[in-house]
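So, here come the structures, one by one.
Shared between the two complexes below is chain A, which pairs with chain B and chain C, respectively.
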Partner chain A sequence: MTYFEFLAQYGDRILSGTLVTIGLTVLAAILAVVVALAAGLMRMAPNFAVRGVATVYIEIFRGTSLLVQLYWIFFVLPLFGITMEKFTAGFVAVGMNLGAYGAELVRGAILAVPKGQWEAGLALNMSPAKRMVRVILPQAVLIMLPGWGNLMIELLKGTALVALISVADLMFQVKQINGTTFMSAESFGTALIIYYVIARFMLTPSMRWLERFMRRKMGRA
Partner chain B sequence: MFDWRWDFTWEILPRLIVATGNTLLAAGLGYGIAVVLGLILALAQRTPSRALTLAVREAVEFIRSTPLVLQIFFVFYVGPQFGLRLSPWTAGMIAIGLHYAAYLSEVYRGGLESVPKGQWEAATSLNLSTARTYFRVIIPQALPPSLAGMGNYLVGIFKDTPMLSVIGVAELMHTANAIGSETYRFLEPYTLVGVIFLVISLPTAAGIRLFESWVRRKLGMK
Partner chain C sequence: MMTNESMSDFPLKLEGDNVPMVSFRKVTKSSGSLVVLDALDLDVAEGEMVTVIGPSGSGKTTVLRMLMTLEKINSGVIYVDGEPLTHMPNGSGLVPADSRHLRKMRSKIGMCFQHFNLFPHMTALENCMEGPVHVLGLSRKEARERSEELLELVGMADKRDQHPSRLSGGQQQRVAIARAMAMRPKVMLFDEVTSALDPEVIGEVTNVIRKLVAEHNLTMLMVTHQMGFAKDISDRVCFFYGGSIEEQGTPEQLFGNPQKERTQQFLSAVKEAI
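Moving on, here comes the complex of A and B:
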């Protein structure tokens, strides 16, 4: 079988796997951003208990492997009465994992906003919440965006692991195709190239665009 | 608590601890490969040849932006297709070593670029060969700024070793899966794997931070 025959026969399965991978990436990215913002802000709360919860979450998810977390969420959580579909378990695990890394990024970016901005907010009699949302966070977003670019690639790569709980993503499809055809170079090689194309020509440019867009919006073009 | 069985826990713990040894061995070997290969990849991007620089750069980008688990499968299964049979350990070490070499080469690159140009000029004026300049002048100065990144990836490679279970390397995750399918109990093995990872990676990360600040003080870099 030549490579073109291979593509003709298995192209639609590879394509459907790619779409599942992209869907997982988008959902996991949304979850990761939300969780990272929440945990990053909680990490800086004055209340000891709130800070503690965020710290425990971050340390647990950063201290263990994504694969361990995925298996734990999929196989162990049901024993506690929380059953998720495998697709949901997949993007929840990836999103929570990257969210923990993102939380540190959020915290670092907020701390990197110059002290004068905090003082200016105080001088204008803004409430702490308003100061955070209107003054500090927008500037912090500019600082953390390059870091998020890297995290998004990590996230895309992380979604490949959900194939191991048999979510039919790109990784899963090529694994199946390899199992029936034994054309390993073609199947795994095609998937490698697709992941690379998504990361290099879709994710990275859109993150760069977002950086430029935010800079313009902040009047720092 | 939630049907947790302590007798079962004590029964499987020895097996998991033995497997932890394999996990540490895999992480150590993989890291050893990555440290050396990463330096080669970083230096290959600093030769006068522009074509070589671009090719290596693109290869590094490729490895960094594709999933490790897919690379592990690729290395393990593509060999036999062309008559080259690799054991799970060999294939796993090649894949994980290469993956982290790409990451470490970026760390080294940053470190090498942080060495002031005057150091090169000084070495040239002392008539040192390129190899001697690198090993006696440039790399010792590039090392301290690289240490933080190197430490992070040491913890990173340790946390990525469970992926080796997919091709049957008998590390921690593989053993936990085996216990799970023998006994139909997943709560204890998977939770213990998580705890073992935490117990190793948190102190290691803290130790690396201490080591890094010690090196900086030692070199008078504040």
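Moving on, here comes the complex of A and C:
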């Protein structure tokens, strides 16, 4: 079987796996951003308990293996009555894991906004929440975007692990194809290229575009 | 930390005729073992323009920052418009102000900074509208009118849609003045507003401040190194040294005939630098 015949026969399965991977990536990315923002802000709260919750979350999800977290969410949480569909468990695990890294990114970026901006907000008598939302965060976003570009690529690659709980993503499909055809080089080679193409020609350009867009909004085009 | 006993020396409110707009009463500020301000007493009358000069480290900027509540004080009380700023009445005594009281009192005060601190993600006009819309709750139309009027006053109306990164230092500082004025403060604080500017644009900022003095009945406190400007514009000049006021008086008195040796030394050193 030539590589073209291989593609002709298994192309639709590879494509459906790729679409599942992209879906997982998008959903996990949204979750990661939301969780990172929340945890990053909580880490700076004056309240000890609020700070504690965020610290525990970050420590657990950053300090342990993503694969173990995935198994926990899919196999162990049901024992406590929390059952998730495998696709959901997949993107939740990846999103929560990358969200923990993102939280530190958010915190670092917020602290990197010059002190004068905080003072100007106070001098205009803004409430702390208003000042955060209207003055600090828009500037922090620009600071943290390059870091998020990296995290998004990590996240995409992290989704490959969900094949281990039988989510029919790209990795799962090529493993199955390899299992029936034993064409390892073709199967895993194709997966390798597809992951690279998504990262290099979809994720990176869209993050760059976002950076340019934010820069323009700051009047720094 | 202060004891309750010493707090009873301070009235809950300043009442009667000629209540000063700003009043520092025995205000002390220290940071570690360093005493930044030592039992400062300073009154500023409504509509008065008071300039604070002195060597660096003399505590002059701290005076403004404490008034803007950017820095906490260690003891004493600051009154603004007759009401305590740093404290609030609780029964028959004063207790440290909570955030609600601070927000109420802060609305009387506006401040311009050495490094302008304009919001870089907003245009000049948006910078001016930000406070009126999102703090005072004005409609966008009202806020826009108010802001455009002020940008006109500072000569920046034609640059209203520019972001700060496209403006020179002098232009940014003029927008910053308009932004502070848009909140309609009773007291305006100018913290070395010309120190970060190129010499040739200092005039455009000092001219705006002159205009404010002439056209508005604002109470102003200004820290500056521009002695000529201070001499022209001030009702009173305070020379700070080592955390307290060494000497104060009208510009004619202080610049023309300084009494204290330290004042004379400082002024002659400044003159030599020019």
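Couple of notes before you dig in:
Going forward, the second predicted complex is superposed on the first by the 221 of 221 C-alpha atoms of A that agree within 3 Å, B and C clash if a C-alpha of one lies under 4 Å from a C-alpha of the other, contacts with A are read in each partner's own complex, and residues count from 1 in each chain.
Definition applied: contacts are C-beta pairs under 8 Å (C-beta built on N, C-alpha and C of every residue); 3 or more make two chains touch, one makes a residue touch a chain.
Only a predicted model underlies this, so the values are computations on that prediction, with no experimental measurement involved.
Of the two partner chains placed by superposition, only chain C is touched by A:A120; chain B is not.
Shared-chain residue A:F6: touches no atom of chain B or chain C.
In the superposition on chain A, A:F87 makes contact with neither chain B nor chain C.
When the two complexes are overlaid on their common chain A, residue A:Q139 makes contact with chain C while staying clear of chain B.
By the document's definition of touching, of the two partners only chain B reaches A:A160; chain C does not.
When both complexes are overlaid on chain A, the residue A:K130 reaches chain C alone and has no touch with chain B. When the two complexes are superposed, the chain touching more residues of chain A, out of chain B and chain C, is B.
Under the contact criterion defined above, no residue of chain A touches both chain B in one complex and chain C in the other.
Of all residues in chain A, those touching chain C in their complex are 114, 116-117, 119-120, 122-127, 130, 134-135, 138-139, 217-220. By the touch criterion given at the top, residues 68-70, 103, 106-107, 109-111, 113, 115, 117-121, 123, 130-131, 134-135, 162-166, 179-180, 183 of chain C touch chain A in their complex. Contact residues on chain B toward chain A in their complex (touch as defined above): 2-3, 61-62, 64-71, 73-74, 77-78, 80-82, 159-163, 165-166, 173, 176, 180, 186-187, 190-191, 193-194, 197-198, 201-202, 205. Every residue of chain A that touches chain B in the complex is listed here, in rising order: 59-60, 63-69, 71-72, 75-76, 79-80, 153, 156-161, 163-164, 171, 174-175, 178, 182-185, 188-189, 191-192, 195-196, 199-200.
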